[in-house]
Amino acid sequence: MPVMAHLQRRFETSKPLAGHRIAGCLHVTKETAVLIGALRAAGAEVAWSGCNPLSTQDDVAAALAADGVSIFAWHGLSVDEFYWCIDATLKCRPTLTLDDGADLIFRVHSRFPELADGILGGTEETTTGVQRLQAMANDGKLLYPVVAVNNAETKWDFDNVYGTGQSALDGVLRATSILLAGKTLVVAGFGHCGRGTAVRARGMGARVVITEVDPIAALKAILDGFEVLPMAEAAAHGDVFITTTGMRDVITRRHFMVMKDGAVICNAGHYDCELNLDDLNEMAAPPTEVRDNNQEFVLADGRRIYLLAQGRLINLAAAEGHPSEVMDMSFANQFLSMVSLAVDGCARDRKVYSISGEQDREIATIKLRTMGVGIDELSPAQQGYLQDYSQGT
Amino acid sequence: MPVMAHLQRRFETSKPLAGHRIAGCLHVTKETAVLIGALRAAGAEVAWSGCNPLSTQDDVAAALAADGVSIFAWHGLSVDEFYWCIDATLKCRPTLTLDDGADLIFRVHSRFPELADGILGGTEETTTGVQRLQAMANDGKLLYPVVAVNNAETKWDFDNVYGTGQSALDGVLRATSILLAGKTLVVAGFGHCGRGTAVRARGMGARVVITEVDPIAALKAILDGFEVLPMAEAAAHGDVFITTTGMRDVITRRHFMVMKDGAVICNAGHYDCELNLDDLNEMAAPPTEVRDNNQEFVLADGRRIYLLAQGRLINLAAAEGHPSEVMDMSFANQFLSMVSLAVDGCARDRKVYSISGEQDREIATIKLRTMGVGIDELSPAQQGYLQDYSQGT
Amino acid sequence: MPVMAHLQRRFETSKPLAGHRIAGCLHVTKETAVLIGALRAAGAEVAWSGCNPLSTQDDVAAALAADGVSIFAWHGLSVDEFYWCIDATLKCRPTLTLDDGADLIFRVHSRFPELADGILGGTEETTTGVQRLQAMANDGKLLYPVVAVNNAETKWDFDNVYGTGQSALDGVLRATSILLAGKTLVVAGFGHCGRGTAVRARGMGARVVITEVDPIAALKAILDGFEVLPMAEAAAHGDVFITTTGMRDVITRRHFMVMKDGAVICNAGHYDCELNLDDLNEMAAPPTEVRDNNQEFVLADGRRIYLLAQGRLINLAAAEGHPSEVMDMSFANQFLSMVSLAVDGCARDRKVYSISGEQDREIATIKLRTMGVGIDELSPAQQGYLQDYSQGT
Amino acid sequence: MPVMAHLQRRFETSKPLAGHRIAGCLHVTKETAVLIGALRAAGAEVAWSGCNPLSTQDDVAAALAADGVSIFAWHGLSVDEFYWCIDATLKCRPTLTLDDGADLIFRVHSRFPELADGILGGTEETTTGVQRLQAMANDGKLLYPVVAVNNAETKWDFDNVYGTGQSALDGVLRATSILLAGKTLVVAGFGHCGRGTAVRARGMGARVVITEVDPIAALKAILDGFEVLPMAEAAAHGDVFITTTGMRDVITRRHFMVMKDGAVICNAGHYDCELNLDDLNEMAAPPTEVRDNNQEFVLADGRRIYLLAQGRLINLAAAEGHPSEVMDMSFANQFLSMVSLAVDGCARDRKVYSISGEQDREIATIKLRTMGVGIDELSPAQQGYLQDYSQGT
């Protein structure tokens, strides 16, 4: 993670986070350990929980704990344990919060609103979380400013397209070992995660069908050469289904009713409610684990449906999440946003802020440099041309 | 153009443009004839010029004139004639202006500012034009409100990616008949036009190299599998060069110096200054026309460079511009923006307005319907979920 | 055509074709002019006809005639004129024949068998022609040896995949100017021409459906990510149909019956019988030419079908045929086969011969060199390893 | 594996292998267990060893043994143990041999030639093995007929392209978890395995460079849009190297000398000698295992090279080998070849036989049927046309 290494070196002397207590709620992986290290090197105290019951790498958690981080996370949390862990991190009375899915910040708002006064600001990593925080801000219910890390171009246009795109397919392969070539893969949603997944699946030889609710996204999918169908029709054609919508109940009883024998279903969106597992459990006998992260449900008529990773994020549960190459930029945005909130959070309004274009371009520039790639620069004459409206055709 | 047909039917009775005089400056093609027809059906008087000296289809211009449109355009205009045509359209004392490249609106500002008071608003079709109008607005020099049609998602994300992407390559093939497979194609710029061109060129078997000045765009190009080089390096490797930057002097003397014998150069950006043709003319003997739209320049050392379409828009000059499938949406945005400015232009500020998301989605929805494609709809429960921040993992 | 230039230089002194009379029947284009030039430089007398009624470039024919070649070809031949031209070339009493589609050699067999004794051998360029000549040889009816130029890997694996693949789409664009992105394109046949066309159409953003009669080819199409359907089903889904089968009656009445309004049909196989135009003419009113090479047929129920290039080879009739980059290798095979037959034709049996691997590799090696591409060479130790069966795992 | 299931049902009553003893040497995986089951169902006695020291799935071996198969294989064999296992299977005095890599049949020839008289024939699965057996046959040293299962189109054109293509990348991901997008991937060899890998790597967003020794394959790679370089140049650019050549010493000391820090190397060809590991071991300190199947070598100058799966087949050692979808067809060829050799092996010569086109098409037809895909059939009139040389243009 060369961008993070660069940033850590830059701030480890000036320590702009000195005196700050950061509560973080984000997948405990080796990449996150790098982020935590940089936050501490910049002066912060850190308390951390995981943002998904199945995504914690226990060895990483152990190593962080051994290194003195207050870490509350282990693989395979129950729902109660999940919230217990979050609550434990709030005991530090944070001055900054860092979220991936907004569970921590929701917990502050719903259970510990008294903490909000001491919090300068927070960050949020996901599309889903930002949408909800924006809804709260619109209702006047947001208690402190939040930086939408997700909205950084160096985050969502990379992490979601390239990171989720690859790792979701990686998870499907590890959990099934099927041949993608010749399969019909139904991707629900043609946002960044969906597009990244769809393009790669096609690149591996699958025929890809897209479902959408947004007409503009649907049109792009068609013009990119994909077939677009309502899920009710796609359900009967798919060999593999991957949901990437951020929406609940994308695949439900009426879809399970018409699926082919042997259909594989999984989710690459944030929450596991994209697949209606209550429906599936009602329709089928108790499932059998046929491989790691692969449960076979036999329906009354004998058809089999294979559920991967219990409907949790397939890329984190069955593969290794986003490759570190993209987390490097995503976490650089988290890190610089923490620094920025520490400086001016108290002067901000209770709303959702985007990341500045300057920060975005700076991160991209550092990344290119570490990859050894050179690009062109505008000459002064060219910069002038950009602003010049006196010339014509 | 089924979307335009749909809109024309909707407004031909209510005639919301009745009493309005529209001066338009936009390529005179069969698609534009459909737009003009719809504007007139909605009640407007129209005076029209072409926005590019080489793009007018003379038979279309003749047919429009025969049909009673005040049309000032023919193929192969000189620069003086070009401006004479624009000025002629302004004689109608327009209440609305419609631009593609902002030449008409600049002419109002520089030569006929007295017309501005009578103009409720204008529209602009291109990225380049919008950038310049925004610069004018920032300087407080914009004299009436402008709607950035270009910024509609159903315009730039379709017209630029799919329209320019295909038609630029079509122009190269018609002007050269070369085999794209196995060629190294250098695309300057990885914006929407550049990406559309690059993806299709790769799809035809070319190896594609990208040049960029923006680090984020450069990074996307790399992660999409393209090689990124500064133009100074790319110049020595390319077999074909296509500029899509909106910037001047992208390829200049120092690049011509190192190009391979037989290199082909052309431009798919708005203006012909992306290639420095003064440099090329100084370095070479007077060119020979070896095919339509294909001039051979022989340099002092014997190397040959082939300039297509005199550096003008390759897709319009050597092929047929954007296919009508994308112009349909683009012009639907022009049309609905004219209607909207007629209604509320007088209440707007002197700035650059984006197109509303509603208009964008409406156009996409009409388009999908005319293509026979169905998509999903969110249930009320799902819509509630989108706004609901009370639920967690 | 740098490979042809290389070969011409090699043989223009030794003149291995001196004393030979070559009757050729092959599209009269600028590339063919290069082949004829090389044959003459190597000592041959040449008499030439075109192998397709619509493919002759009249300016090329005129230039060849002016240069002293006996040339019998013009654009827009009737069937009678077509055979008159072929017969005229046979007046030279050829010692070698050169075919593209086998029309000339069939004419020798059916009308002028007395010429066969004086003919050392012939060549054939196409898959279709070779299949038929092989059938004749199997029946003992072939009167002299034929080299299947088509079977050279540097011919069919390049010319058919890359040449037809690009130029067929180029022809569709020139004849229609439609947007390929988002269209459903049905390619009949997944042989080399079909695969080349399908891959490029996908690369331009089309959704591609394949029809096949061979189960292995069908399976490859599926595993390459294409949808495979019987034509009876595909007919109802396609926006554009391209036949590449070498078989007659691929699209007939029952398919026209179910096509969408606006469907486009064309043929990229050798003969125009792949589309059953008798059926189409019976079902529709006399067609209207709506653009060059684009006829509109209106069926009784009002649906419109657009036939491109009268069902003749779309890439030759509406575009410019194979780009010279691939013809260079294809014609190098023709040229070297002529030289080889001149040397040893009299010693060969009356059967169909493949081109030797050495000739194939030689042509590829010359081509790579002219492109400036270097490859690895096996060391003697590695060459030994290839033959060594004494080593194990 | 529906094709194998179909074939097992067909032969389990007639038992054409009754009385035969088959010695097999092929990766012991769950797919192979299906093949063994079908051979036994058809009446054969079976003795089996694994053909790669690292590819045996021990649980499968145990289950087969429990089921009464004479199985001699476990994961992590030494070289001595490897040959001991093969020799053990020969104790059954086989009447048929079945090979993947030709180790078993070489062992018969070099150590147990006295067994050859009792052997009716053998089969061989790999390109590498067939090449060597062909060399033996050319030298008159082959002691019994061998069917080249590898040469079946339903084997090499599927197994190698789609199976190796996917599983080699799957192995790289499992052993490294790197992001493929934006990486430069060097694929040595553009045969079927190399092409399958290269196309998929590009589909995942990598920039792919090809190295080759065959000019025709190199030319195809270029026209498919890949860059072709000699390995000496490619070595300095690659982030990941995958060898697929069947040749030894493809990457050696002089390549390691110029690789980038962090380069990843692996092999997807049959033997581990494609990478010269002696050179690497001499140049570096003893390696560290940084992940499963991933060893870090630190060179004297500090650069790190990561060797995956010890240079053994990356797709078998780090992933799960070919997906069962392709093994289904490949093993159907093995099975039908065993049946055919049992019937007529005694009447065959001591040479290498190809699989008949009929068997190939039959397997493809069964496969399509099990996938629910229909294709067209030639009408009698069309079949006649194929053979008809009396018609012209």
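By letter and in written order, the chains are A, B, C and D; residue numbering begins at 1 in each of them.
Note that in this section a residue touches a chain if its C-beta (ideal position, glycine included) is under 8 Å from a C-beta of that chain, and two chains touch if they have at least 3 such contacts.
Since this is a predicted model, take the numbers as computed values, not measurements.
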| item | value |
| --- | --- |
| Between A-C and A-B, the pair with more C-beta contacts | A-B |
| Interchain centroid distance [CA atoms averaged], chain A/chain D, Å | 38 |
| Distance from chain B to chain A - Cα centre to Cα centre, in angstrom | 35 |
| Gap in Å, rounded to a whole number, between the CA centres of chain C and chain A | 52 |
| Chain A residues counted as touching two or more neighbouring chains | 162, 179, 181-182, 202, 205, 222-223, 371 |
| Contact graph of the chains (line, ring, star, complete, other) | complete |
| Interfacial residue positions of chain B with respect to chain C in the complex | 162-163, 165-166, 170, 173-174, 177-182, 199-200, 202-205, 319-320, 323-326, 371 |
| Contact footprint of chain A on chain B as seen in their complex | 51-53, 79, 82-83, 101-103, 106-107, 110, 131-133, 135-136, 153-154, 157-158, 161-162, 211-216, 218-220, 222-223, 228-231, 233, 247-249, 271, 360-361, 364-365, 367-368, 371, 373-379, 381-382, 385-390, 392-393 |
| Chain C - residues contacting chain A, complex | 179, 181-182, 202, 205-207, 219, 222-227 |
